[in-house]
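We call the chains A, B, C, D, E and F, going by the order they appear; numbering starts again at 1 in every chain.
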């Protein structure tokens, strides 16, 4: 068992698709009046397009691509701040590859690197730590980016740095949390969603209960899902079944990886190192209360915001999203990427206007790359 | 008037050569029993070969190539110390191009540069100063090399650095003086020299009187000479004339450049910044009393020996000259380069064993490059 | 978001710093096992974990995985039975 | 040793730091004139100096240069006269 | 031997005897170019044939690390240019090799690279007939860059080009995909990944001749270098004005390459190869082409991956193992390792 | 125009659309190579002539600064390779151009370099038919390196080579020496020297044709690049097994070049040129060769500098203006500025 290919079985998929079709018919979903299911997580968006699931499911099932891509929701001003830090003399700025092409107000990190900043891609915060050990005369900054899945890794790296007394390591913390933007979406009166696919790897850390409010307070089904194609189809099936049966519960399709209560070590590390910010800015969504994390005063020495006086510790720049950009509407499911006036015109993967076109997790990029748009345009 | 080409006039040379021939005949100089005239200065050696003067003069006049090339007399241990400094983290080691190829015990500066040391060639100590200004986070070390001609420039650079409070500039002082090794030569009982051509550019700084002892105490003629071919021939003529007339005086052929008492500003700068070392090591000649300069305590902050604890301020390594190397004998005129057992065999410009084969001022390199050796071998 | 993949823990590389070697289809990388190290580290050998940015974030529950696969299998069987029944119906209808 | 060449001072570039522009056959380089700055710096304009490692080390004494050249010239004349006399002698001898 | 330095210094680039010694001892002694004139002079009977055309190509090679499992920069530099000639239908004849060398580079390393080049050239049946070396200061290049150019001859009547591919033509590759790209990613060390993979780097001239003998109607071929299979197919689809359809299940991939792609979020369709090509042949010749490939060591893993189609002109689509379909587009820039 | 970046990023080397856009907009739009296949295919009637030989050469170009008075790296890259073909007796036909580009390089600079190359190629009567670009990370190269290779044809019966020079043959150069080397030394800025000099960089194919028309018996030619006249003469003397004697007074030098050499203690005989050659012709043809050179703009300053002699075989000697003689040997490494 490799816990991956087994969940790509075409035969199982066929059965799931048939079951989904039956359920969709049963609840009267049609192309004109579809059941709208938001996959919150960009990883799920990616899988849906990679395996062409949107084309395979019953036409009454509509996938709405949610805001769960940390790169897509990164405001341009934060990219500018990354560049500001990266361009300081002596700094080695480290980041996951994902953030390299995200446009800031003037440049991306890739372009800042080309212009001379020492910006390096790493696979892990541990690699940034190692860089700091090997370059004691340099200041190594790690760009902490991601939802609850990634947050423990930077927390553990900061704890390790503290243990070693590594004075030249710091994290530019931009970690964000999933439940708050979902609540914001649900509070939007324009919103019409019938159910959710929950991000499996977030729940691997935080468990399934943080989503209880969705079922309890908003009466929407949510199924925490894995990332293989049958995982996703099974989760769709489970959402439809809840709807068909008039239930609204938090279910766990991904039990092989997601413990009900999450991971205790990860949660403890997050709690030790981070605290909630009062509010945090999301690209396309604006400020959302309590949706971001910052480094606690006890670990201030490792906080790049404090060290360099940028971000929430500096003068914050308000930068409106670029004109004509519909990222917010797309991320909240009010618009399909192809409906954005910029899609394929002012905004292409070569020259992205919005972040959704940059990250291969972004709905617009996925539409583009996997041909959703152009195939549709034919 | 450009003060250069005018002194290359073939007609004047012809007259000078005729006069030299007459004088040589008059004093009975023959190929078997020649008048031996040492040109102290490597620059003169260079000119002699470049213009083929050794072939043009009367066969009774023999040029003996003296120790006046600062690169040629640099002990291997000092090159090693340069490399030791250059390899220290953060150091930019600056040097005149002349020193780049001089072999140390294991490597030359050129090879150390290839192996990673940040070694840069400059035209002037002022350029090293400017590098220090532009790289405040680096330590810029200038390799102070040369006789009295060059000494004022490093003294003035140190004074300037002191005025500016340039904390990241220092000089690795290896300045040496001309009169002392001449005295050592004259004291050698094996020595048979009939007269000297004095280094014109040294006297431009120190004037002609520091050579008085040669005439007064050793009864040898010395003519301070310029570097153009007629300058040299005229000086040879003047030496021969003294011999013919039974005189032993200090004469100044190069009065257009050399003031009798030298340059007051230069002498003051040297006196301010430097003091005599008790003794200094010369390649091929060993330790010579009072033949080297060091930086005075008042300017200690700019003394690379003190800053890095090397050279006379560190543990000094005694390194014998490489085996079979006759540099000492050649520099003291006891041997012609071609008589060195290594000449053209273990020692070639591609792979010099001794420094005399490296610098184009070096007698062995000059013999090689201008064909003295190979033409003779035909 | 949050690319995670299953990898097998094949060696403990630095017990002090909780580092182990994970293998993903023959590709190896040292990962931190702090989040999954409850008992002795040796117990991790041979276990599969979900790997994310150089950390083993969660041990894979093989029983749960088997259960999910079994459910898929059952659904497949059921659908097949249904399909056969439908075919049978169609055949019957065709015969009618 | 100690390569020095004559250059002409053509401009004062930074009086405070005693820097001037020297010209050698059309090649220009800023040099320090501390060693040759006795009077007002402007007096240096047009003067020739011996340049070494970026410093004007000595002003060239044009009179002395002319004297040296004159001496060479005289020697040439004298030698020529001698040569002509020798030729004359040889001719005479030949005729003899 | 006059060359006793262990490392290259700037003197080795200065046009003097140090440079001459370096060139003679390290380069020309091994490559044995004809004469030491500024240009090699070559008599080419093959080029005199009426209708024969000359093929000419160049590539620069800048790989890090210079030596990696399965090859080194010299092997890449020979194979890469041989392959660009071969896929254009030419018989590779002569190569040039220009080196830019960073001060401080170990001469032993240069010797190893040159030895590889000589060996690979001989195996590929080409001669390295002219060359150049430049030495740059420390920090001015990444140890060694090699640029090769290649000259070959396209026999009379042989016409290949991406524009000639027609719907129905079958596409074949000569082996597993992405080994080179994955090997280099691991060999760089900065991602701290280790594998037993080796680069697929190989010269494909002989293989192309075998394919062309078996499938004389072959339309076009591309070596799958930067940008991988996806870019080559997009180029062909664009030039031919037809669509291309490939099957995910047919793509040959080693588990390690898949694993590396999973870890880093990469798509193996875009990974670089240095010994892989795709060739399109008329359907009737596909079997013969496949058989011919498999007879050669560098074609043992050959397989059919798809075909040209009349639909969706200019576009490459892939039927997924799962039954879906997706467009396989050009990449924008490099693939970057990603975590989300 | 899809290319809006001001600077090259690593994405421009990744094999995707960013690379395609860079190549199409900056390079192929200007060079207009025939087709976009992996290798250019060229029909060469000239090569089909019986007895014609193909000439093939390459050089890498790594100059600092990239743009200097009188030229840029692109001009060097075209002229250098054209000249290596020309001095070997070939008519230059086609060039390849491979670029290694440092991340961060201004695209406007690339456009200028490419424009120069196109202009120089046209003037020289050659076509740039194939090329390559690689992008390397910041610090992995010095902004732009260009490697060109060149293919030309040596007409039947034309035989040139250093080994053919005989005692009595006369040596000519086509103009003043050392302008390029001195210009670059000054342009680098680190010696803080300024001059009004310009590089002599020029393509010499037409000049060589003119010389060969006027002096069909011409024995050998060399362009005087790295190592200068001295190295070229030593190479010729060595290959021919005869001596060469030149006259110091005959050597054409600008005062600024002499001045720079005096200041830095350099010898102009070793300074690099990029538009100068030495050619040896039988004595009877020397006048015609000189006249032919002087009719061309790049040969206006042509003059006879010396001759091959039977004496001192393999050795180059110079009669000094002063009446002496010295051996003009190969340099060891680079000439270094010196103070003593």
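Keep in mind that, in the parts below, contacts are C-beta pairs under 8 Å (C-beta built on N, C-alpha and C of every residue); 3 or more make two chains touch, one makes a residue touch a chain.
Note that this is a predicted model, so its numbers are computed, not measured.
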Touch-network distance, chain C to chain D, counted in steps: 3
Intersection of the contact lists for chain A and chain D: F
Between the pairs B-F and D-F, the one where more C-beta pairs touch: B-F
Fitted rotation between chain E and its twin chain F in degrees, CA, nearest 5: 180
Distance between chain centroids, defined by C-alpha means - chain B, chain E (Å): 57
Geometric centre distance via CA averages, chain B-chain A, whole Å: 72
Chain B and chain C, separation of their C-alpha mean positions in angstrom: 79
Chain B-chain D separation of Cα centroids, rounded to whole Å: 22
Multi-partner residues of chain B (at least 2 other chains): 4, 14, 42-43, 69-70, 96, 101, 110, 123-124, 127, 146, 150, 349-350, 361
Junction residues of chain C - those touching two or more other chains: 1-3, 5, 25, 29, 52-53
Multi-partner residues of chain F (each touching 2 or more other chains): 9-11, 17-18, 191-193, 262-263, 265, 332-333, 338-340
Chains touching one another, given as label pairs in label order: A-C, A-E, A-F, B-D, B-E, B-F, C-E, D-F, E-F
Of chain B, residues touching chain D in the complex: 1-4, 6-7, 9, 11-12, 14-16, 18-19, 41-43, 68-70, 96, 123-127, 146-147, 149-150, 152-153, 156, 160, 199, 201-202, 204-205, 227, 230, 234, 253, 255-259, 263, 265-266, 269, 361
Touching residues on chain D, where the partner in the complex is chain B: 1-6, 17, 25, 29, 32, 34-37, 48, 50, 52-55, 57-58, 60-62, 64-65, 67-69, 71-73, 75-76, 78-80, 82-83
Touch list for chain A against partner chain F, complex: 101, 110-111, 113-116, 349-351
Contacting residues of chain E [partner chain C, same complex]: 186, 191-196, 254-256, 258-260, 262-263, 265, 338-340
List of chain E residues in touch with chain A within their complex: 190-193, 262-265, 312, 315, 317, 320-327, 329, 332-333, 336-340
